[in-house]
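These notes open a run of structures that come right after.
Below are two complexes that have chain A in common, paired first with chain B and then with chain C.
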Partner chain A sequence: MRRSREPFLWALFSGGGMASALLLPAIAFLLWIAVPLGWVEGGSYETLFALVRHPLVRLVLFALISLFLFHWAHRLRYTLYDGLQLYHLNQLIAVVTYGIASFMTVVAAYILWVFA
Partner chain B sequence: MGEPLNPRYRLYHPKWHRTRIPIFWWLRSFAYIKFISRELTSLFVAYAGLLLLIEVSVLARGEAAYGRFLAWLQSPAVLALNAFVLLALLFHTFTWLNLAPRALVLRVGKRRVPDALVLVAHYSAWIAASALLAWLILRR
Partner chain C sequence: MPETITLEVQRYRPEDEAEPVFERFDVPFRADWMVLDALNYIKDNLDGTLSYRWACRMGVCGSCGMMVNGQPLLTCATYLERLLPGPIRVEPLKGFPVIRDLVGDITDFLEKLSRVKPWIVREEEKPLAEGEYLQTPEQLADYEQYSMCINCMLCYAACPIYELEPDFIGPAAIAIAQRYNLDSRDEGVQERLDVLSQHDGIWACTFVGECSVVCPKNVDPAGAIQRYKVAATADWFKSVLTPWANR
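So, the complex of A and B:
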């Protein structure tokens, strides 16, 4: 019998859920609201550039972005499945959602690899 | 009798009846709407991941490109969108962390670690992670 991929996908969903819960509110608030509105002064271009240039930071960013995408893929898959009762499209939905997450993971790897 | 060899084969069941559930069943009560909203926060988790990736690629393209990106973030429509995204992400954080005691059952010896302690640990981790990010992003 073929072994199920479900536990692996669930682990990605779960890891992405925890990472996004702990990190994304601060990132969204600081980078995309507080700094653009001038409520706080963000780090200068040079500081941010040097931060992302660090290999460890890029590795962490890669892992995080990929986990966020697989969290989305898994959760949206089951929302469509249960919410809209698309039982007959189960396979297609899985291919599209995990496919997009995998593709964007490769794009993220490329962007972070060629950085600097 | 016994299991049919073909797993797709179903015995005739004249008594089976399945009630039809309408497609928008989840609009019927507040609890269901909350459930679907919670699941849909995943859209904004993916959005944030992609915006983060865009920000990284803009940083790689130089200071002028980064300036244009900041100006784009300052436009009212983008700010309104990102404010909504922040609310969705906070909803995700609260619903996710509040479920932690049910997902994580820890035992010390024979005693189960109380739910309140698991909750406090998770919320403390959230505060610590946010403080670390604030230091990383805002340091001059």
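So, the complex of A and C:
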């Protein structure tokens, strides 16, 4: 069996696509619109801060952020590859896009880790 | 209603022309005529040397796909009336080398189609005496949609990836592979997966979705490819997480 990386990268891409399409609008609506406008109860800074400190919430946030990042990386990679037809830069584009996503994933992990 | 309508038909006669040229024909306009009827009128009355493929004239044989005003369409299912006032530009299907006039060389598609083993693969045929392979209506419904493909290749003409990466096995071949994979009588899933899990198989597809837009039989090749990606990814995770179970 070949060990192609494509199924793995596609799984991150499609997982990130689903997550960003379904969950990101809800999160954005809640945190950036409903809470600031006072439409929901219990949206104070202290409550949300305590919520984010919960290990499970941090784990979910980490999964979401890294999936979003890899979705972005894959999409940008193919936009450059097919859209701008930079076939000769395939390796470089892959290294840079997935590299940025990996690096930002580590940064997210660090920030969420020190949050406790 | 106009009396006539103009067709700008791409001609390519390799013995006379280095490059394809367009030729204008005025044909009678009739509300019940398709583009193919107009081409047949040209061949019968105006220029018998015009070359193009067609057979059934009823959207089943898949021969008469051409670019009509830049869109891949079955000419037997496209009313002239839809394209008023004209002129109507008729070109061979995009993505295939032109042999003559509107006739493209489809060798590449046929080779790719055969690669996915578009037939029921059995490890062992059961003896005739045991009777037929029975199938429930639900089992039929699993693959019926994909069995509607008529190999007209409109999806190849619509696919930007096929244009950019000619090695891509293409929408119809993958949809047809799914037609057999999802058939309860078939045992060829793994053999097809070995072909399709390559980069030139499903992974070259970036889900543009034009194949499903232009498909005249509502096969939805784009959907087939996405389902295939899910299956191939599950297979990949299985083989990575349980390496001892590999063949």
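Just so we're on the same page, the second predicted complex is superposed on the first by the 103 of 116 C-alpha atoms of A that agree within 3 Å, B and C clash if a C-alpha of one lies under 4 Å from a C-alpha of the other, contacts with A are read in each partner's own complex, and residues count from 1 in each chain.
What we mean here is this: a contact is a pair of C-beta atoms (placed from the backbone, for glycine too) under 8 Å apart; a residue touches a chain by one contact, two chains touch by 3 or more.
Note that the coordinates shown come from a computational prediction; the quantities given were computed from them, not determined experimentally.
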item	value
Which of chain B and chain C A:Glu6 touches, first, second, both or neither	second
First (chain B), second (chain C), both or neither touched by A:Trp32	first
Winner by number of chain A residues touched, once chain B and chain C are compared	B
Which superposed partner A:Ala94 touches (first chain B, second chain C, both, neither)	neither
Partner chain(s) touched by A:Gln85 [first = chain B, second = chain C, both, neither]	both
Touching partner for A:Ser44 - first (chain B), second (chain C), both, neither	first
Residues of chain A that lie at the interface with chain B and also at the interface with chain C	14, 78, 85
Chain A partner contacts - residues on chain C that touch it in the complex	160-161, 164, 197-199, 203, 206, 229-230, 232-233, 235-237, 239-240, 246-247
Residues of chain B touching chain A in the complex	21, 23, 26, 36, 39-40, 42-43, 45-46, 48-53, 55-57, 59-60, 63, 66-67, 70, 73-74, 79, 82-83, 85-86, 89-90, 92-93, 96-97, 103, 125-126, 129-130, 133-134, 136-140
Chain A - residues contacting chain C, complex	1-4, 6-8, 10-11, 14, 78, 82, 85
Touching residues (chain side chain A, partner chain B) in the complex	14, 16-18, 20-33, 35-37, 40-45, 47-49, 51-52, 61, 64-65, 68-69, 71-72, 74-76, 78-79, 83-85, 104, 107-108, 111-112, 114-116
